[in-house]
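Given below, in the form of structure tokens, are the structures.
You will see subunit A twice below: alongside subunit B first, and alongside subunit C after that.
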Partner chain A sequence: MEASVRTVKEYILEQFLPGESPDNLTGTTPLFTSGLLDSIASLQLVTFLEQEFGIKVAAHEVVPDNLNTLESIAGFIRAKRS
Partner chain B sequence: MTPSEVLVEPTQTAAESAADARPISALRTWLASVGVVAMIAAQLLLILLVVRSFRLVPPAWGVLKIAAAGFVIHALVPMRYRLPVFIALSVGAIVQVLGYAGGTQLIVVGVALIAICHLPVAWGVRVTMLLGAGVFLAVGRSGMVAMPVGEAVWVILGSIFMFRLIIYMYDIRHDAALASWSGALSYFLLLPNPIFPFFPVVDYKTFRRSYYDSDAASIYQTGVAWMMRGVVHLILYRFVYYYLTLAPEEVQTSGQLARFVIANYALYLRVSGTFHFIVGLLHLFGFNLPLSNNMYFLASSFTDYWRRVNIYWKDFMLKVFYYPSYFWLRRWGPLPALVLSTLIVFLATTVLHSYQWFWLRGSWYISAMDILFWSTLAVLVLANVVWEAKRGRRRTLGVQKWSLKVSAGRILQTLLTFIVISSLWSLWSAPSLEEWTGMWSVWNVGAPFGMVTGILIAAALALLLASDYLLSSTQLGRRVSEFKRSSSHRLSPYLVSGTLLLLLIAGHPRARQQFDATFLLVVEDLQHERLSRVDQGQLERGYYENLFTVEQTNPELARRYSQDTMQWVSLWQTEASRETGDLRRLELVPSVIMRYKGQPFTTNSWGMRDRERAFAPPAGTYRFGVLGASTTMGSGVADGESYPSLIEERFNGAPEPVPVELLNFAVESYNVIEQVAVVDQKVVQFQPHGLLYIAHETEFEKTLGSLANLVESRTDLVYDELRDIIEQAGLTPGMPRTIALRRLGAYRDEVIAWGYRHIASEARSRGILPVWVFIPMPVPGTGPCPPGSAQLFCFGNLSRAGAAADATDPRVNRLFALAREAGFVVLDLSNVYGDTELTSLWIAAADGHPNVAGHRMIADGLFAALRNDRQIVDHLDRVVNPRSLD
Partner chain C sequence: MDFEWSDQQLAFRDSVVDFARRSLAEDIQDREKEGTFSRTLWQRCADFGIQGLPLPEEFGGQDADVLTTMLAMEALGYVCRDQGLLFSMHAHMWAVELPILAYGTDDQKQRYLPGLCSGELIGAHGMSEPDSGSDAFHLATRAERREDVFVLNGTKTFVTNAPIADLFVLFATVNPDQGMWGVTAFLAERGTPGLSVGRPIEKMGLTTSPMAEVILEDCEIPVGNMLGREGQGAPVFNHSMGWERSCILASMVGGMQWQLETSIAYARERRQFGKRIGDFQLVASKIVDMKVRLETSRLILYRAAAAQATGKDSTLDAAMAKLYIGEASVQSALDAIQIHGGYGYTREYGVEQTLRDAVGGRIYSGTSEIQRVIIARYLGLSPLK
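On to the complex of A and B.
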């Protein structure tokens, strides 16, 4: 598992899913479209990504394409870093 | 893969690619897709049959046929042709609704707007140009400057572009790859839009991203399932609208208050039903869009409600206002940014609801109640947002561990959210805060529900608790969830078809012939589109209700939707009426020749819709004076076709003619108060021998409404009895109408009894025989709940669903008693329409006044009743030749 995915997963489990089994949150678990992450949570996640990975996220990038799964988040971080 | 790559529409499915390589497998693939299309088409056919059977979206029929046939073609052509086919079908739908001229106007303006979006100049320049074009078009829409754009075109044009242009420009700014003519044309000219001016705010990026993003069969099946869900919502809406809505002034107890509030909120089923139907229809063309409303009645908090109701609006607000403002404001800290951006969203929502109203209805809609509603909701959501930001909310991925405390807490939260949101909705549709608080003043009058209802509510809550336990912490619950996950798609066609077939069977005339069940009568009533009892009283409806009837203020669109009635105006807006300044308020102008409701309308030199009459009746001729309102006046039928004229013809044209005259003193909207004035001022001059007082089931409501108007306009009430009633009721000019009507409600019997007594005694003192005739309007209705019943779940007399009012209606029964007590001869024409389908007797789909056939039936019924009543016959005999009546 990619380091960034691990970090994000830990953050989501701790922040939004306390007590949840880590096995339930896979790389393809939908976060946005399932309603798990709402607008407030997505902004908290974005703030975390910016601080943790040193990236700058724009308002129009807060979309399911970028943040719906751990895999898409990892891809988004990679794209921003490159 | 970058976001842009995801958004490029597929040109070939995986199956098509494989099939290209191997001809045999191409045939197999094609046959499989034909099978899928056939299965979906069969369900679609059932949906169309139910839509037609229940007349759910009457103007939509032509476009739905295009959509159904188009679906088959679209689904069977290769992928690369599907988007062009969809665009062609959308253009066809526009032309079908607006005609060639209107369709061309819309497409020309639309293409010009899309062209501006794609001009090779800076984004900001294009936005400025679009703003300029928008202002230019708004000037035309407002009517300030005449433009060569039809009235109907404005509505559809506004509906298509008012929000989607904003979203489109936003998306192509951030991803230029999204800017394409095919994408734009398919997005803007969405096929169902011409028949649904009030349309969900579809997101462009989602629209493009979701295009065949899953296997076609699954997308299509979701589409028909959502269309069916929409159909069910629309039928439920109709049930609520027909049987549960109350007028504000009818709210006299806490039970009625609860019913009013819940029913008012439940009217939103029309929005969710229509949106499910629209989004489901779009699925049939490959657009795998998300759900538009998600079980909003079960929201457990205000933010949860905001996330579940009109989800497309919420997403639009998040994308265009919330996130950009948050990112801009977060330099001041996350919490202030959160608070301010939430407030910006609600401010934008308030303003854009008015903007939407302008484009759909052509006038600005902003009221104090609107602002109050949105700001209250904003405060509630904001409080919830801050709470969630600080404390978080419970989330889970798998099965939750059940606890009584958590489960009961969730149910309680859901209940409280429902109560608060439904109360807020009642605020939104109230005419003023004073009226709303006045309505709530009865919250402690009586119990909100009886013991049986209380037990049912308690049982429902216990059931919810038990099902929550079973589903979340038992093996059975896990199995049910697993089964739902794995088999819902497989079972969906059966569920959809089964539900639709049941609806079709329940609505089939044969079912009613076979089974004598109240339920089937209700279903039959629900199959007709009509005004509810409350709206027949011409009461204001809420924001969304009005957006669904934009054609009522747009005659051309009404014509396009084949509802010619909508261009009709009230008689009081025509040259045929003038103010009197007395109890009658208005009267007919003498010697008018015009058209009213599309029919020739003339008045004689006495201001009666009648032929010329002399003051004194001809010798040997029995003269009836007829007192009535719009039906008796002949609203919507030509001169000479109203039932008083027909009865006169029957008397005089019978094998043995009887010289009888019926002088028609009826005037639209007159009721007891006006009739008292008409008798005293006009009728007696014409020296009738008999007086026919025509009453309908709305006698109480309309009379009290008139009296409230007279007080409001400070008109001299003339009669001491009336003045006393007003004084006792404490009515004063300027009092909110709801409160005035509620106060008058306590004196309704006294008002009617006074009027009836006055008319009957005045007649008898002059030797005139007073006859009171009950003629129901040909409008189905179950009547209000009997006084004193538990009001929360009282549906009126459902066993008479679909039938006209009669003496089983407590209001009508009371009218009969009052008429007898006053000394009238009473005639009951409750069954005058027999088994005829009532809607077939209307002058138009949205006007329940009787048409020519209806007037003939009334004439037949009343003619027979007059000839069969001994008192009337004896009285008539004294004037004319008695032998002719044997």
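On to the complex of A and C.
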């Protein structure tokens, strides 16, 4: 698993889903559209990504394409850093 | 840490106080009783530059920093007894002007921001529905894409400024199965076929700030009037709420200053049992509490506003400010009434109005309970599962 995915996965499990089995959170699990995470979590997640990976998330980038799965988040981080 | 305002900011604050004393300090008892909005006072504020404070000069704004804007709104709340007018202004600035500035296309900004700045256009923000308030994203209003328009159907309630608004920011879902990511924001102009405003809703306080339902029946909104992207309504709404929670109670803080000064003056003048009532500890203690609440409210207000201006996530600061000031303004209003005794209970003194105006602060822009939920989440408590 890509390092950034592991980092984000650990953050989500610890911050929002304590006690949840890590096996239940895969690279393609829909985080927001499934109702697993809510809008407050989206704000906290964006802050975490900015601080952890040194990226700046613009207002128009807070969309499901970038944030709804661990894989899409990893792709978003890669694109921002390249 | 420097808590001092600059000479320039203090001079600006003095100019706002002077403006408010000359142009806004009318007796509003009758208008407050009837619930009548004053377009005249709205325009005076716009001509002075209030509505344009947070907007760039290219749109006719003052390009003021957020702390200076808050200082102005606090000053208005201190002098102007028409808290309803100020509340309407807050809703217009934080929930209409700023989301257009942040998420609008260049065309949308050019079309709407100058008018919103100049007083010509009044904005309204429609999110709540009869069956979705705190559970905001569980809305039922649907937006169906048909070629180059979205067709909206549904009802929005508790829409501040709706009876007088020219421009509405409305939220609808394009796909309920997507949850918050199906929610999309739209800009709708008054007079759009299919958009109607219900009868005015009478409120306990802030009576001069008009409120009504907005009914959407096959209302066609051009695709070019989508605010932000399809499915981006949640971030647009959160953006508005961040600003509202940080800033909307600035005028209440000014009102708390008025309550304090009024209560001190009354306590120094009113005599019972041979001495000033302010010399009794039980009365003085209330005034002390009012003072501490006022200063704490100021600190938390300006801290939240400063955090909001950084562009970083300031949700926690905003929630704490909203919670604290919302509760504090109610308690201080109760204390002010108590200090004034029977006179405080009458309409004539204007003190009872401050309580009726303050109670809404525990409800709008997210209830005190919701603010507590948000704060708990940021403390690592109240996990989602």
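Structural remarks
In the analysis below, the second predicted complex is superposed on the first by the 82 of 82 C-alpha atoms of A that agree within 3 Å, B and C clash if a C-alpha of one lies under 4 Å from a C-alpha of the other, contacts with A are read in each partner's own complex, and residues count from 1 in each chain.
Just so we're on the same page, contacts are C-beta pairs under 8 Å (C-beta built on N, C-alpha and C of every residue); 3 or more make two chains touch, one makes a residue touch a chain.
Keep in mind that what you see is a predicted model, and the values were worked out from it rather than measured.
Once the two complexes are laid over each other on the shared chain, residue contacts for A:N68 go to subunit C alone; subunit B is not touched.
Using the contact criterion defined above for the overlaid structures, shared-chain residue A:T47 touches subunit B and also reaches subunit C.
Legend: residue contacts after superposition of the two complexes on their common chain; A:H60 is shown touching both subunit B and subunit C.
Residue contacts after overlaying the shared chain place A:D38 against subunit B and subunit C alike.
Using the contact criterion defined above for the overlaid structures, shared-chain residue A:S21 touches subunit B, although it does not reach subunit C.
Residues 15-17, 20, 33, 35-36, 38-40, 43-44, 47, 59-60, 62-63 of subunit A lie at the contact with subunit B in one complex and at the contact with subunit C in the other. Residue ranges of subunit A in contact with subunit C, taken from their complex: 15-20, 32-44, 46-47, 50, 59-60, 62-64, 68. Listed in rising order, the residues of subunit C touching subunit A in the complex are 102-103, 137, 177-181, 228-229, 231-232, 234-235, 237-239, 312-313, 315, 374, 377-378, 380, 383-385. On the side of subunit B, the complex with subunit A involves touching residues 1-3, 6, 170, 173-174, 205, 209, 290, 303, 307, 318-319, 322-324, 326-328, 330, 334, 338, 385, 388-389, 392, 395-398. Within the complex formed with subunit B, the residues of subunit A that make contact are 15-17, 20-21, 24-25, 29, 33, 35-36, 38-40, 43-44, 47, 58-60, 62-63, 65-66, 75, 79.
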